[in-house]
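Look at the two complexes coming up: chain A is in both, with chain B in one and chain C in the other.
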Partner chain A sequence: MPSDLTFWVQTIINCLGLGSLLLLIAIGLNIIYGINRIVNLAHGSLYALGAYFGYTLVANGLNFFLALVVAPIMVLGIGLVVERSIIAPIRTRPMLYTLILTYGVSVLLDGLTKYFWGVQPRFISTPSFLSQTIHLGGIPYPFYRFFILIITFGVMAGLMFLLGKTKLGITMRAASNIPEMVSVLGINMNFVHVLVFGLGCGLAGIGGVIAGPLLTVYPMMGSEMLISCFIVLVIGGLGSLRGSVIAALLVGTVQTLGYVFITDYAMVVVYVMMAVILSFMPRGILGEGKFE
Partner chain B sequence: MPRISWGRVMFLGVVLIVLFLLPWIVSNRFYLRLATEILIYGLLAMSLDVLLGYTGLLSFMHAVYMGIAAYTVGLYLKHVDPSASIWLLMVLGIGATVLIALPIGWLQVRTGGFAFALLTIAFGMMLYTIVWKARNLTGGDDGLIGIPSPNVNLSSLVLADCKDPTSIYFITLIVVILCFYLTRRIMRSPFGAVLESIRENEERASFVGIHVHRYKLWGWMLACALAGVSGVLFTIMKCSVSPTVMDPGAGGSVLMMALLGGLGTLWGPFLGAGVFIFAQDYISTMTEHWMIFLGIFVIILVLFVPKGIAGFRETLFRRKAE
Partner chain C sequence: MEVFKNSLNLNRLWRHWAAVGRPIEKQKEGKMKKAFFVTFAFFVCGLLLVPGNGWAQSKNPVKIGVPVTLSGMGAQVGVDNRNGIVLAAKHKKTVLGRPIELIIEDEEGKPEVGVRKAEKLVFKDGCIAILGVVFSNVGLAVAGEADKLKVPFLTTNVMTPKLYGINKYVFRCGQLADDQTAVGHVMGIAADPDLSKRTYYVLADDYAWGHSCAESFIDLAQKKGIKIFNPKYDNAALTVADWSPFISKVSAAGVDGMYSCLRSPVVPRFTKQANEFGLMKKIKIVAGGSPSEADLEAGGEAEVGMVTVCCYSWDIDTPASKQFAKAYWEEFKAVPPSQGAQAYVGAMMLFNAIEKAGSTDADKIANALKGATYNGPYGQVRISPKDNSMRTPAVLTETRLAPPNPYGAKIIKKVLVNLKPEQLGPPE
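And then the complex of A and B:
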């Protein structure tokens, strides 16, 4: 075990970085489940699409920050198309079919991604001030990880504001509780569903663009991230936002430490941890269904 | 005693005759191999039907349980005893699968339907990763190749030489028919009814006094054991194993076969496996972007023909009634 301070500070920030990235993407998934009661297995593919779109935009000269805005909007568009045409019709059917359907969508999207971009890993180049190395008390650290933290923090703050203070957000929270009451009150639930799904997809897109420079853009990124996100959700409690925060930090930390010390089998440790947590707390740390 | 429908019996008879005479009907060795593969995957898909169609538990990575048995048998044949008898191999394969499936199943059945599906992904990925990364043991990406074929011996009587595709086909056919019949009997017993009641309404089943966790676990173990059988057959047929047998693609494929064929029937998945393997074979010769087709296929399937081939008549009736 290295006792080097540099090593530990860097590792801690790595943990935080990965944790916040996981949080960003898991939140999108959680929102869609919490309000729409849909498990979107295509979330990972949409995240990957965000990264690929970001790559294409930046490679064609668009400023990285602009790409950070445009790419998620593109992902949002695709997500909406998918939602309206494919997912909405089966809303009334048992959840099993939604699972399998979104699985099919994810396979389709992954296949299309491979078709258009090939299997070679891609790299998103970031503006120089983002990729610089900063020094904290003499310890060098790539600034980009901080950038991830900043963005995630900003997004979370925005979400909290949306859900807590705006009428739309309050409607969403109500819809996750008793949808029937919300529509009785005259609010168009379809509109809410579409909005929520779009929000979730947009978050996935942002996550993709941000993850691009960090993890490179490659075909399997969607599935890998999806699994980690689901682990975060299940540990934190489906539908619980606060649980996701805790769980994301936990999974990010364990995963990072795992990669540092065991490399190949890092994910196995994560799986075991999830199994242990689930066997004592099947509903997750903060319990299911509390959307706050 | 239920009335025997002679039409059904005759149909069954014809099917069996065709199956047994297949090596002589089909002249090309390739198609015989394909038929064997369809039988094996049909068995795997049927085991998933037991899990999903009867007990209502969704698993996205069911193929890993085939993989465990396949690797166990492969390793045993390669490193321990190349001339092991097929009975021993069966016991080994099923035993290994059951051993690993038991603790995983015990953990998994305590969770609800959706969390269960996620856990199958997580544990499945875990097993897949372990097998994939343990290069020293399993050969990693390349897998195990050059596995010797065992002989089928009944005491001292040599029944078949496994290097011959025809005998492999027959062994597979007999084992599969046996498994099918056994599973059918089990599913038609009160045990099967309990599983179906859990699928329909878990809460209500527990109110009636059914110990839901325990029965789910039994359903899971049965499904995994059958998957183990298919794994043993797989290694014997292919004489090689690779991680692709149990990767997420394989897990998804099995699910598709079961869905396509029709859940809750036990025989539907065999049809599903047949169509799927044919299609995959055909499409992969045309393009490497089979994923696009698979995705579209699944979407159309769930949207329009959710009950699969076996339930096609039912779907048709429902459409007419609307």
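And then the complex of A and C:
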């Protein structure tokens, strides 16, 4: 077992880094389920689309930070089209319909991604200061991973503020709990659904652009990430924001330590942990999960 | 309808006109001749339609099934393989005087899909051979069905030694096996004072190829006195996206070398992340599986300094190599890849074997493949009749920044040492 301080400091930050990345990608999925009650299986593909948009924008000379704003807006736009054309007409039907349809959308988006960008892996270029290695008391660590922590923190703070402190957020939360009452009060429920779905897709886009410089942009990257997102969702409790934060950090920590100490079985531990939590805490780690 | 009636009338008029003025006997004789020719024509047509007749079949293409990974992470290697096979078919044009038809399927890098697609290609599409397959787990699964498929299966990318002599219909064609690359790497490390004094950390993808790649190297390296930090090498799950735990581990191990048995598309991801941790300045990576040219391009400068053995690099300075590189570039406008060259060689060997067999019969083609040779982009290769696997020359290369080149490549696999087939083995 490695015993030097550098290793342990790096490992702790690695746990936080992976957890924050998972949170950033999974949070959009969680919001869409929490408020709209839709399990969006196209979330991974929208995340991949965000990465590809980010890549194209940066490769064509746009500043990385501008791409971090523009690409999610583009994904949000696609999300709105999907919501209006595919999800809205079947909202009142059982969840199975949305599951199948969003899966179909994910297949379509993956196919389009492959068609337009090909199969070659790509990286999103970042400004040089983001690519640097910084030294924390002599311990080297990539600055970009701190940047991910900062972005995730910013996104979560913004989201908490939106949902907890603004009238719009309060409306969204009310719509998730008592939609009939909100509707009776004269609030346009369609508007709320569209807004939430768009927000979730935009968050997927942010996740894609942030992950692009680190994890490679390639077709099907979304499908692979979707599994990790669902693990976070299930452990945190479907629809629970606070639960997601804890679950993402937990999964990031267990996975990272697993790779260090029991390399061959690291993912087994994560799945066992999910199974145990599902068995004893079916509403997630904080008991805040919602069932349809 | 009116036109039809007119044509009938015209026909009748013609027959009437042709008979006008001719004696009755002549008219009868003419009818008999006509009947004879019509009967003969039917007979000839009937013969042509009998299955197995060469002339009738000459219009039918020879169908070759090409299952390769075209989706998911390994898609780029699959595309390289597919392109090499397509280019070979274009150059060969025909076999047995018949056009070549490639039926390409996406095996998704999944064993169960690979088997399903192989069955579809043989039983539904009528392919007479299977050519391709990217990953070892898929290759082993398809090879396991060889007796059921009963057609030659030539893999152009599978490296696991488990494929040696696995079935009379299964051939490794165009590609080095893990034990051969291990020999090449160990020879290269032993010959270089800088590489030979290093201690190597072994990291492998957790599936059939990763295991065989790591085990082949560790076994041989230890016999040759090369220091291995973790003889019970690390297995990384195929889903690993963030390599930071492994990078910290390698860094903490204090090693100055790493033997990587990571799939081609994973390599740029690992090296880029390792570079950001400052690890690439401390260690030298020897890549057990040579990364594809497209993956190296994706990683850019972070890929520089990697040592790897491969069959082909566009840096090989022979007319055949340059000719292949030029043809590949002109056809696909992509950097000529080592995997593409391997697939090209494998396909050419199959086409030549079909011609040598003079038939599409599976056993005859399989027999023709045993001991077959081909002089291609990386020299003279031969399929050993002992184990149906290729004996091939190879090159030990180091990835460097590319000089100006016609392919627009940023990275080149610079040839350091030429390795002969008899050096790489295995002995026959």
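The rule is short, and it goes like this: the second predicted complex is superposed on the first by the 279 of 292 C-alpha atoms of A that agree within 3 Å, B and C clash if a C-alpha of one lies under 4 Å from a C-alpha of the other, contacts with A are read in each partner's own complex, and residues count from 1 in each chain.
Criterion: contacts are C-beta pairs under 8 Å (C-beta built on N, C-alpha and C of every residue); 3 or more make two chains touch, one makes a residue touch a chain.
On a predicted model such as this, the values are computed, not experimentally measured, just so you know.
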item	value
Overlay on chain A: chain C relative to chain B, clash or fit	clash
First, second, both or neither for A:Y271, with chain B first and chain C second	first
First (chain B), second (chain C), both or neither touched by A:Y115	first
Which of chain B and chain C A:E180 touches, first, second, both or neither	neither
Which superposed partner A:G104 touches (first chain B, second chain C, both, neither)	first
Partner chain in contact with A:Y259 - chain B first, chain C second, else both or neither	second
First (chain B), second (chain C), both or neither touched by A:L21	second
Touched partner set for A:M95, first chain B, second chain C, both or neither	first
Touched partner set for A:I227, first chain B, second chain C, both or neither	both
Contacts of A:T6 with chain B and chain C, given as first, second, both or neither	second
Against chain B, colliding segment of chain C, chosen among 20-28, 38-46 or 110-118	110-118
Where chain A meets both chain C and chain B, residue numbers	110, 114, 227, 264, 267
Residue ranges of chain B in contact with chain A within the complex	56, 58, 60, 107, 110-115, 117-119, 121-123, 125-126, 129-130, 133, 248, 252, 255, 259, 289-299, 301-303, 306
For the chain A and chain C complex, residues of the former touching the latter	2, 4, 6-7, 10-11, 14, 17-18, 21, 110, 114, 119-123, 131, 133, 140-142, 144-145, 214-216, 218-220, 224-225, 227-228, 255-257, 259-260, 263-264, 266-267
Parts of chain C lying in touch with chain A, wherever the complex brings them together	70-73, 75-76, 78-79, 206, 234-237, 239-242, 244-246, 248-249, 251-253, 265, 268-269, 272-273, 276-278, 294-295, 297-300
Complex contact set, residues of chain A against chain B	39, 86, 89-90, 93, 95-97, 99-101, 103-112, 114-115, 223, 227, 230-231, 234, 238, 264-265, 267-268, 271-272, 274-275, 278-279, 282
